[in-house]
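Chain IDs A, B and C follow the sequence of writing; residue 1 opens each chain.
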Amino acid sequence: MNQGLAVEATGVSKTFGSVRAVDDITIRVAEGEVYGVLGPNGAGKTTFLRMLFGLIRPDAGTIRILGRTWDESGVAVLDEVAGFIESPRFYPYLTGRQNLEGLALLDGGHPPGLLEEVLEVVEMDDRADERVGGYSYGMRQRLGVAASLLRTPRLLVLDEPANGLDPAGIRDMRSLVKRLADSGLTVLLSSHDMDEVEEICDNVTIMKRGTVAFHGTIAHLRTMAPQPGHVLATTDDVRALELAHQHPALRVARDPEAALVVTGARPAVSAYVATLVRADIDLLAFNQTQTPLEALFFMLTDDTAHQTLARPVEPTTVPR
Amino acid sequence: MRRTILVVLAALAVVVALGAAVVAANGDQSTVTRPRLERSLTTTFSNLYVHKAALQGRTLAPASLHAQAMCDKAGAENKDVGPGGDWNCLMSWTDPEVPMPPEGYGKFELNVHSNDCYTAGGPSKLTGFLTMTDTRGKVVSNPVFEFDGCFDPDGDNTPTGVVFPSLLAIASTTITPDADGRAGLQVTCGSGDQGCAGSIAVAAGDTELGTVHFDLAEESTGTLPLPAALPAGAKETTFSVTSTTGAGPTSPVTLPVQR
Amino acid sequence: MSATTNAPVATAGTTPGARTRPGLVAPLRWEIRKLRAQLRAKAVLIGALVLPVVVVVVIHGQSRPPKDTLFGRFATVNGFALALLILGFAAQWVLPLLTAVVAGDIFAGEDQHGTWKTVLTRSTSRARLFWAKTLTAAGFAAIVLAVLAASTIASSVLIVGHEPLTGLSGQTIPAAEALRLVAVSWATMLPPMLGFTCLAILLSVWSRNPAVGIAGPVVIGMVMQLVGALGGVEAVRPFLLSTPFEAWHGLLADPRFTGPLLDGLLTSAVWCALSLTAAFTLLRRRDITGG
């Protein structure tokens, strides 16, 4: 199965105005694996994927997909590559089927019967003759997967495929991706949900503000994960953060929802709580809600964290 | 949004600058010139005149009319170039049934556009009125009363050499003397080659008042003072024009005196 | 999604890299199919077929002919003159609008629907897609002009009559010749109209906004017309895209002159070349960040 690299991006950078959206990213995805690109919103994941698809031109670096680069081969780079960026968009005044037929024209045709088959796989065969303008979000997402499968790709690139779906839709999307991966496709997907990535990916790159915060296997990530995280809400988060310096065994950071995330051994956490109480800071909430990996993810991508764990590691293929 | 506005303004600035450069480089050039108008007017008029004659049951050939025209742009001094509504063309032609007036031509007014097309209208004494009756008794529109024409912007631009004399006309309808009995006569000198010059003999009733000389440029108006005061009780004055340059009224003109 | 069905996958059956990349015909077929599905294009074609008949009937019923436009003088009694009157009027803003409705939207529509990221991630290059859209827009312009011309000439001649026509040098043109000249005059509208197609494409690509792509060429056309009619700045007339719309005058004069027609062809060609080059470059270099 390991015939080489499906995606080889080296030193890729892109700047928009004064913002470095992608800063010297190197990612290698082997054939046959499921690779996750993880990061909070604004980390540069979508920009990177757009560069894979040729929608955005990188300022620096090379991108080699299934052995070909854009400069050498032009749009032939996308032979056997399919996927979608953010929410898939179609022509609202045409039906789902007409949209797919049009995209097949742009592909140079499709084998007979394939169109019906992909519609069945995503369970859109009964709604395919309605106008896309009337589709729900989930239906459009499924049509996007169908449009990708129509190209019979070797590499599937999906940008936040479960984004915006309801829990049933999320579950279905994840199982579909798993089945596609099991059948031999290389899948590169991006997400901001650690749990999703943990469930289906073999290797992962975690991005933070355009740079790589971590490369490695999920297994490796698990070994790095600290104790389960605790979420605290206090009456004085600022002072609580200062007091955290007295507890070097703990990592305390503030997450975007203005709660304190504490990771560390249970006794150390209890000691920290005691310190807060002595300092007359009231605890409004104290929950263990983060999985170890979620906590790790948050640590890696948070701005106030003091340490990053950025050790680019050569991805190894997990035999399936 | 701001970027859009800036780009649009920049594009506008570039366009205007280029336009100004083109205009500056080419000066006052225009495809509308006197020779082209003169040739087009005579050709178009001749064809239409023949058409009108056919409606009246006469057969004429356009060439037999020998139409000739002299065009002049009223506003500009010596610059008969460019579009405008102030082109005057003096045109003569030969038709035994419609003789030319004494000055030898009819004055046509042309409104010329920058796309090398024009609308022309002439004196109804010579061209007729808006409608006419054809041989079958039907009322039809008169082809030469008012007509359109277009000419080749690349057409022959050599001067035709056609000139007609200017026509002096007496503009006043009455003579109004002041307390001393002095009065003035308003005259106009129309389009034409060299303006109007000559003398006018003035008489009030049986009394000769003398002559007054005039020398006017074409397309100008002047007020000529009467050579002597009007006698009290004079009821009318008579003017006899003798032209040395240009043409004028061939018979004496009589105007009432209004006190 | 059922867990029992299997995903159709490339491993069995298709040989790797065996995709036949489409030429220009397939993307062209796709653009034409999209156009046919849009109400806008159909409405314009129907309008081009029906409205001239209405206009002909209205003008025929007027007691005072519109003398301020060429051939207006005879328009109430002569079908050929009426067809040329309508031609002169259509050139002012109708023709740029008819082509801009499609050409001004064919690129900006993708921005509006967010579908650039959908169509550019297939096997058709940006260049091929650009030419497919440009050819579609040009084809539509030609078709709508043909429909408008046929409808105008047919209804004018049938409703108002086919007496001999008085030409622009006062000459009398017999009916058969007049019909031929009227048809050719309408046909000479195509090069400047295509010039506006190219301009609309440029505005569509640059602004990414269908409203600008559609209204822009119309406004620019009217401004050019105004400027072209001014005295004193006539030196710019050869560079204006509105000037070739009047080149047909030479066909109705005697002797016929064709200088303006050739100049008009050149002007339209240059406008197209410049507009399309700029549009192509903009599209090629654009980073698709939206959609």
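Note that in this section a contact is a pair of C-beta atoms (placed from the backbone, for glycine too) under 8 Å apart; a residue touches a chain by one contact, two chains touch by 3 or more.
As the structure is a prediction and not an experimental result, all values here were calculated from the model.
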What kind of graph do the touching chains make: line, ring, star, complete, other? line
Could you quickly compare A-C and B-C and let me know which has more C-beta contacts? A-C
From the Cα centroids, identify the chain that ends up most central relative to all protein Cα atoms. C
Interchain centroid distance [CA atoms averaged], chain A/chain B, Å: 85
Roughly how far is chain A from chain C, centre to centre by C-alpha average, rounded to an integer in Å? 46
For chain B paired with chain C, centre-to-centre distance based on mean C-alpha positions, whole Å: 44
Which residues of chain C are in contact with two or more other chains? none
Provide the residue numbers of chain B that touch chain C in the complex, in ascending order. 4, 7, 19, 22-23, 25-32, 40, 43-48, 51, 82-84, 113-117, 119, 141, 143, 146-155
The answer for chain C against chain B in the complex is residues 67, 70-71, 73, 166, 168-172, 206-207, 227-237, 239, 243, 246, 249-250, 252-254, 257, 259-260
Mind pulling up the chain C residues that touch chain A in the complex? 1-3, 5-11, 13-14, 16-17, 19-22, 26-27, 29-30, 33-34, 37-39, 113-126, 129, 285, 287-289, 291
Note which residues of chain A are touching chain C in the complex, please. 16, 47, 50, 53-57, 74-76, 78-80, 82-86, 88-94, 98, 102-103, 105-109, 111, 114, 117-118, 120-123, 142, 147, 149, 151-154, 172-173, 175-176, 179-180, 183-185
